[in-house]
Amino acid sequence: AERGAAFQARIDNEEKIEPNDWMPEGYRKTLVRQISQHAHSEIVGMLPEGNWITRAPTLKRKAALLAKVQDEGGHGLYLYSAAETLGASREELNEQLLSGKAKYSSIFNYPTLTWADIGAIGWLVDGAAIMNQIPLCRCSFGPYSRAMIRICKEESFHQRQGYELLLTMCRSSEEQKEMVQDALNRWWWPSLMMFGPSDKDSQHSAQSMAWKIKRFTNDELRQKFVDATVPQAHYLGLTIPDADLKLNEETGHWEYGEIDWSEFARVLKGDGPCNKQRMKARQKAHEDGAWVREAALAYSEKKKSRRGQQAA
Amino acid sequence: AERGAAFQARIDNEEKIEPNDWMPEGYRKTLVRQISQHAHSEIVGMLPEGNWITRAPTLKRKAALLAKVQDEGGHGLYLYSAAETLGASREELNEQLLSGKAKYSSIFNYPTLTWADIGAIGWLVDGAAIMNQIPLCRCSFGPYSRAMIRICKEESFHQRQGYELLLTMCRSSEEQKEMVQDALNRWWWPSLMMFGPSDKDSQHSAQSMAWKIKRFTNDELRQKFVDATVPQAHYLGLTIPDADLKLNEETGHWEYGEIDWSEFARVLKGDGPCNKQRMKARQKAHEDGAWVREAALAYSEKKKSRRGQQAA
Amino acid sequence: MKDLLFAYILRLADDAAILGQRLGEWCGHAPTLEEDIGLANVALDHIGQARALYSYAGEVEGKGRDEDQLCFLRKEREFSNCLLVEQPNGDFAETIARQFFFSAFMLPFWEKMKASKDETLAAIAAKAEKEAAYHLRHSAEWVIRLGDGTEESRERMQDAIELLWPFTGELFEADDTVKVLVAEGVAVDPASIRDEWRETVGKVFGQATLEMPEEGWAQTGGRSGMHTEHFGHLLTEMQYMQRAYPGLKW
Amino acid sequence: MKDLLFAYILRLADDAAILGQRLGEWCGHAPTLEEDIGLANVALDHIGQARALYSYAGEVEGKGRDEDQLCFLRKEREFSNCLLVEQPNGDFAETIARQFFFSAFMLPFWEKMKASKDETLAAIAAKAEKEAAYHLRHSAEWVIRLGDGTEESRERMQDAIELLWPFTGELFEADDTVKVLVAEGVAVDPASIRDEWRETVGKVFGQATLEMPEEGWAQTGGRSGMHTEHFGHLLTEMQYMQRAYPGLKW
């Protein structure tokens, strides 16, 4: 209990907790869960975007998309490393993903149907991710905080790139602008859901706030996102698919309509448009690659034993 | 020897030999080899055409191509049945194909690169096949002869369809006509090779002629094909890719240039553009389908044994 | 009204065309020669149905679009086929499950459509019904063979069923387009087929010793052009020639 | 002369673009996360090279065609990439073998190209050389790991080598286009690379305990647009957007 108080004091004092420091089991667990979910989201998130690499309409966009997806893989790596400092191995975490035990961001259970979706993901999904992640740059756990600083920088580049892609389309032709509007219609609400349940239904918030793993509530972050995004949509000449959306002149906030939480719950539970497909793709990659990983392991052991023999 | 003479007399008398009749071992072997090669050719021949089913430019052409490939599968079935009457099982013959022991027509080791190739295969490859096969309708072995009658009827429909396809293209635009010319350039010489080595190098001809398995020599059939095809090419407005081609006014025959027999030998040996690919495709279909065939067998045995139990 | 009819025929045409396209991918790669022929035959029937339906849709629309323009020159979001038919071939069990679920619906569908007040649809139905009967028999026999075959085949067949089950609910959806046309005596009410479908499926699964999946969330979206990610890739192949060489005769 | 230079640059551009396209198919499906990143990185380098080369080709041609028109609006028979780069990804061993054979050629190729009298090509080469060095190291390490790994990996690696070996001969072909440009000091004589290539391949195969295939018939045709059947399917995906939506900005 004394250690617990000292720990909380350090947190309150905005000190960073490092892997070898003592920490409450709940703190460790919460972080492992959150970091690994985040890592899994990066990995699964490669799939909807990867779906368009072979069909990118220009070489410049193909290169940008490849680079973006590569960055996401990189984020996955940093995050798995951060989780490893808490004693959770990558194999273990991956196993949890493949068995369906661990979650990943539900947004990646929606399909990318047109090229505009690639822009929409950059603008909205990365935009929402950044809103969630900027406060995490000040997270009390050192390795996570440092990973987030790096990740946020890249995400914000991706976000601008996505917006620029949509801007180019909207200015090029009416047909493309319609594709963009269609993408916005499909991605808007799932993006709002990315911030998680409404504060009144959120389970983990209070303790996470105290531990400074979280610094804003879901609804606060969601509102920030809406306020930032609505004017961007208007600049593109698009309509947000929400009849209830209106600017509250007093507060300066954009008030939005009711989120369909039943859809959120359903997709989270596994009944989204692509949940099965995403899991199948990851499982297939894992199974098809088993012989490669085994070979790499066998080779490195052979090499070690040869070195051992030479030394002996 | 007496039986041999009686057999030859029947043949000379244009009687049909039936499966239960006595026949010399060489006759049986020759027929099994020829019929199974022919069957294999139908099966492997599904691949270059099948390559364009998903990309056929119109629904009508897609339907026609599906029907054609289906016919080829059907020809394979008749021919395997004819071979089975001679005691060669389909499994055994298929094994020979997959192990590379049995041959199939070398023409199918060339790739279909454009849609015009689909027309060219119908016009030239089926055209050459028909030249080879019409005399086989009078082959001394009954089941083979009857299979060939049915097959020839369908092949000749395919040949006209292929020609009509090319005619449509040639009349539609200059660009399409160039595609057709390009296809002719690539398929002409391999089509001439379909008749086999020149008579002076042909091994099996004399005995096959005596047995009335063969009724014309390779060169005779090749000449018939050239004579029939050159005017058709001209009608399309195409140029046969043979600088030495000229009409001999006296004989009425089109004289053609030297065939590159080294190419023929090379492709036959396995070094054509698609030999490996064709074998790989057939082997993969066979391996991927193993569990299905096993299941069908297991099911039919279960059913039999259940019937047995009910009867008992 | 004409718009609704156009939309309705287009759905049927897209279903047939896309399933035909998928089946065509098997050509030369089936487990047996008989199935190479059989699947090509089923593909051919669907392409034939698609031709008749697209042509009629083009007539109804009255803008001069022919079967090929409707099939090869619409965009992904304009296609209104159900999601079931666009699912990848997978292994032979998946192809069979997809066909079985679809044909078990289409046979009673075409039977009822024969009584449509729209004479062209009724005529198309008369022909399609016979084809669907064959497709259903062919696929049901395989469901039974694979379900009651080996341990491996049973597992594959059951997996295929679980995988595709969520796409079967969409077959029974009726949006306003359908409702209006049902009221007019033109369209078939899919709800009227549900019992027969469940009975067919249940009977065949029983013989096949397969388990019926639980009712659960049904995937939807195809009728309004919200497809699965597989669909866009199918289109690149199917439409490439008409896209690369616009306006030519073939 | 300008025509020859255009044709020559286009070959290099097509090689890079098509290999980049193939590698892009791996995204999200690689055996490890590191390889997802690694293969995307190699793909990205090739797309970058393709962009520089197509742009320069367009300049040399002088007809106003930009990188995208050259990549997305030419027809199958106009592409002049070598057959090796268009071969399907297959399993990881095939992808690695394809990359290894290609990069073992391209590293010395770009090294020599740095001395080209054509300054643009020399500049592209200076950047591409560093990339090729990484591609070669990365793929060679995998050849060794898989060759000297498990029994299964050795067999797969050896199979991949045998499968792709017939496509390596084409790398060393020199037709008139190449010969003229070599004489001008613009192009690299591929024959001058053969020994180094064989040495690299031999050394790596030695370490990997793999067998060098026998010299045999070399597949050819890519430089004159005679591709394998795989290529047309690759194009349908790669070009679909530009074909379906001509003349737009993206």
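As written, the chain order gives the labels A, B, C and D, with residue 1 at the start of each chain.
Simple rule for what comes next: contacts are C-beta pairs under 8 Å (C-beta built on N, C-alpha and C of every residue); 3 or more make two chains touch, one makes a residue touch a chain.
The UniProt protein names, listed by chain, are C, D = Phenylacetate-CoA oxygenase subunit PaaC.
A quick note: this is a predicted structure, and the numbers were derived from the prediction, not measured.
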item	value
Contact-richer chain pair [B-D vs A-D]	A-D
Interchain centroid distance [CA atoms averaged], chain B/chain C, Å	34
Chain A and chain B: spacing of chain centres that average the CA atoms, whole Å	57
In chain D, residues with contacts to at least two other chains	236-237, 240
Residues of chain B touching at least two other chains	55
Topology of the chain contact graph, where touching chains are joined (line, ring, star, complete, other)	other
Every chain pair meeting the contact rule	A-C, A-D, B-C, B-D, C-D
Touching residues on chain D, where the partner in the complex is chain A	17, 20-21, 24-25, 27-37, 40-41, 43-44, 47-48, 50-51, 54, 67-68, 71-72, 91-92, 144-146, 148-150, 152-153, 156, 237-238, 240-242, 245, 248-250
Interface residues, chain D side, partner chain B - complex	76-77, 163, 166, 216-217, 219, 221, 226-229, 231-232, 236
Touching residues on chain D, where the partner in the complex is chain C	75, 233, 235-237, 239-240, 243-244
Interface residues, chain A side, partner chain D - complex	43, 46-47, 50, 53-63, 66-67, 69-70, 73-74, 76-77, 80, 115, 165, 168-169, 171-173, 175-176, 281, 284-285, 288-296, 298-300, 302
Chain C-facing residues of chain A, complex	48, 51, 55, 111-114, 182, 186, 266, 271, 273-274, 276-277
